[in-house]
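There's a structure below that I have some questions on.
Should a chain be cited, it is by its letter among A, B, C and D, assigned in written order, with residues numbered from 1 in that chain.
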Amino acid sequence: MSLISVAPLVIILLLLISSFVLPFLKKPIKTSLPILGALTLYAWIHGLTYLGKDMYTIQAGHAEPPFGIALRVSAVEIVIGLLFMTVTTLIIWFSAQQFHREVGEKQQKTFLVLVHLLVASLLGIVYTQDLFNGFVFIEVSTLAACGIIVVKNKADNIKAAVKYLILSSLGSGLVLMGIAYLYALTGYLDMNYIHEALVPIASEKSRMILISMVLFMTGAGIKSALFPMHIWLPDAHTAAPGASSALLSGLVIKAPAVYFLKVCVMVYGYNMINQTAFLQLILLFSGTGMIVGSLFARTQKNMKRMIAYSSVAQMGYIFFGIGLGTPAGMAIAVYHMLGHGVTKATLFLVASTFIDKLKSYELSSLKGVGREMPFEMAVFTLCGFSMVGIPILPGFISKWNLALATIETGQVWLLAIILVSSVLNAAYYFPVTINGFFSDEEGLKPNDNHVAKAPLAVLTALLVLLGALSGPILKLIEAALT
Amino acid sequence: MTIIIQNVVRLIVPFILMFGAYVTVYGHVSPGGGFAGGTILAAALILERFVGINRKWSLNKSTCLKGVSFSLVGYGILKGIAFLEGAMHIELIHWPLGQPGALFSAGIIPLLNILIGLVVMMAFVLLFDLFNEDLAGEDH
Amino acid sequence: MRLTVSIFVAVCLAVVLLVGIVDFPEFGAANNPAHNEVMEKYIEEGVKETGAVNLVSGMILDYRAFDTFIESIVFFTAVISVFAVLKGGKIL
Amino acid sequence: MSILLDNFIEVGSIILFAIGFTTLLVHNNLIKKIIGLNIMDTSIFLYFISIGYIDEAHAPIFKEGVVQYVNPVPSGLMLTGIVVAVSVTAFALALTIRLHSIYGTLELDEIMKMREENI
């Protein structure tokens, strides 16, 4: 094993250790940004070396699974890990230039410490192969995510954080109960070993297994804002500062979904999940979420709230892919996480720029803004196109493949949900763009022109690249999931 | 607080601290460990704060945060090396295991227990101080 | 009203979770699936491999040390988050 | 029916779990919600530890001549679980203190009704 192959473990450890030192530095951003950048580079070197190769495990400590804890490295973990590292670095780079407006100079230190902890824990959730280890990482990420919501310290933020904390503690309680059920049945905590022990007793203990599945789904669903459990999300995303909402919407709600996907694929396996009514339950929730989330987004007046409700709809797509119960569906779920992660992070950053410059939360204030801030509005438009599903962009690719995978499973009527949801997406993203560029009204004038354009440009380039390279990426992910 | 309570607390706190230290340090040979020991230590220090005893050496917030952070850095480096050794299947440092049951045995486990004990104690004291300060500020 | 709702929810949840009770392993039996080779290795080789007589200590600080490390980080995260809430986001 | 009596600890912990869950969802008072959260967590710890119990076995501290020990894994895992629960409780209490100082009440539905401007 070389130093490159153990990159995920080293990245997690270095992020954690650096977060302990950051509180004592005078200018934490000057340390934090280089660390994040270097680790992102390291992650890319590791990713490009091992993408397409066989999956392997990194054991943390001398004991191999099932006695110790191991991290699993396959295409799924690598791409999601790269997404997390890259998007975080870009968000921090972007917000480094406007901390004084968004978060406040004094809160910057807290914010950066929490971001380091958050990213490390998210990477841990994605990479871990041990159910209980994943639970502990989920708890760290919950606390850190609450921290970055309250860092602005307004009354709204505290309210949103209380809602989020209570609901997600409920979710982690349910996940822990699911782990307890599986441990009582098998005596293992490592995902592969649980699977091997579950297969022989699947028909005999079917009730307990089904209950544990539902517990995992509800727990991860609360944290990932699956439709009926999404009520914390709009408040939290609206109240948080711009960089925090980009992190929350782009990354934090993805990690529990990855955990859930890994539980479905590795712990239960395709056979076991396809034999129960469990998948229909996920399809029901996610299908409703796709439509209702879009409908709610259509009625919002507040820019950030609209994008937040759009996240609810998009998480519906991800769970829809998982709910199909085939390798193709799971692969699209992972691909959609990538596309949505980049797009939503960019949208929130652009929205926070608009709010900052125009001093208004209202969607109507965007009228005519395209003439004053053409670059930002163009980025917003491109992201909106991706959400709606204009060809070549990631949103289109995942919708197209989702439709194909749906036909493959024989549930053709589900296509209607995807279509209706896409039309609804168009109904709330297009008016913003049209008003922004073509409205005759004189819009609000931006108060100054200094915006960090480079990170936004990189994010947009990533978005286009993701769409262009969708074929090989999907193939790699699907190969890892079969 | 009355003088009786203060004097009684003054009398028993050293014993509680010693018990906490014992539980922490002997965590690998008897029931206990860093988490349990750290909680006992923190309980003793919080008891002092409750009855209003201010000793010269009592921990302030800045010391506590520094203690938590640097204990965790030490812990992270000690254990991080062990994780990497396991991941890369090499052995960089060999810690002698010693005679099971003795105080100086079990490699780095006693050291880790002490570090965890410090983290838990200082984190609890810090949390108590923060809560206490905020609530006291609200009353006035 | 609130009382009725709460009792209803509690009963429903308990019934759903207890449906699985027929599948529960027998309480206290030594041959339960949870007592497998993982536990045997921790007990039989724990003292030899880690040197700790307290088997739980040996397990959490050696075999499953990654968990314990993250566990102590939960404390740190809580402390920093409490600073964010109570001190207006300022550390010290 | 006999399994309900034999596994009484599991059954009890599931009932406690339901009570905690309901307290968390139905009560409006934040402190009561936090109490519900702790009841729920504790019930899971109880359930987990009961999985590891073996009749007439010794505590997992190595001693010459003892054959049967209790399963040490659930005990170790729940140590982690307890620490996590403590940290979440501490953070929730901090948020409660802040909310009380802003709004002067702990009833969540009243707080949600209040607009920020009215304070």
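In this text, a contact is a pair of C-beta atoms (placed from the backbone, for glycine too) under 8 Å apart; a residue touches a chain by one contact, two chains touch by 3 or more.
Small disclaimer: the values here were computed from a predicted structure and weren't measured.
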Pair exhibiting more inter-chain C-beta contacts, C-D or A-D: C-D
Between chain C and chain D, centroid-to-centroid distance (C-alpha), Å: 10
Euclidean distance of C-alpha centroids - chain A vs chain D, Å: 28
Distance between chain centroids, defined by C-alpha means - chain A, chain B (Å): 36
Length of the line joining the C-alpha centres of chain B and chain C, rounded to whole Å: 21
Of all residues in chain A, the ones touching two or more other chains: 16, 20, 23, 60-63, 68, 132, 136, 139, 143, 146, 150, 158, 161, 177, 183-184
Multi-partner residues of chain D (each touching 2 or more other chains): 17, 21, 25, 51, 61-62, 73-74, 77, 79-80, 83-84, 87-88, 90-91, 94-95, 97-98
Residues within chain C bordering two or more other chains: 17, 22, 24-25, 32, 34-35, 38-39, 42, 47, 53-54, 56, 60, 62, 64-68, 71-78, 81-83, 85-86, 91-92
Arrangement of touching chains [line / ring / star / complete / other]: complete
Touching residues (chain side chain C, partner chain D) in the complex: 2, 5-7, 9-11, 13-14, 17-18, 21-22, 24-30, 32, 34-35, 38-39, 42-43, 46-47, 53-56, 59-60, 64, 67-68, 71-72, 74-75, 77-78, 81-82, 85-86
Touching residues (chain side chain A, partner chain C) in the complex: 16, 19-20, 23, 60-63, 66-69, 103-104, 106-107, 109-111, 113-114, 117, 121, 124, 130, 132-133, 136-137, 139-140, 143-144, 146-147, 150-153, 158, 161, 177, 181, 183-188, 197, 204-205, 207-208, 210-211
For the chain D and chain B complex, residues of the former touching the latter: 59, 61-62, 79, 82-83, 90, 93-94, 97, 101
Residue ranges of chain C touching chain B (in the complex, touch as defined): 47, 50-54, 56-58, 60-62, 65-66, 68-69, 72-73, 75-76, 78-79, 82-83, 86-87, 91-92
Parts of chain A lying in touch with chain B, wherever the complex brings them together: 1-3, 6, 9-10, 13, 16-17, 20-21, 23-24, 58-63, 68
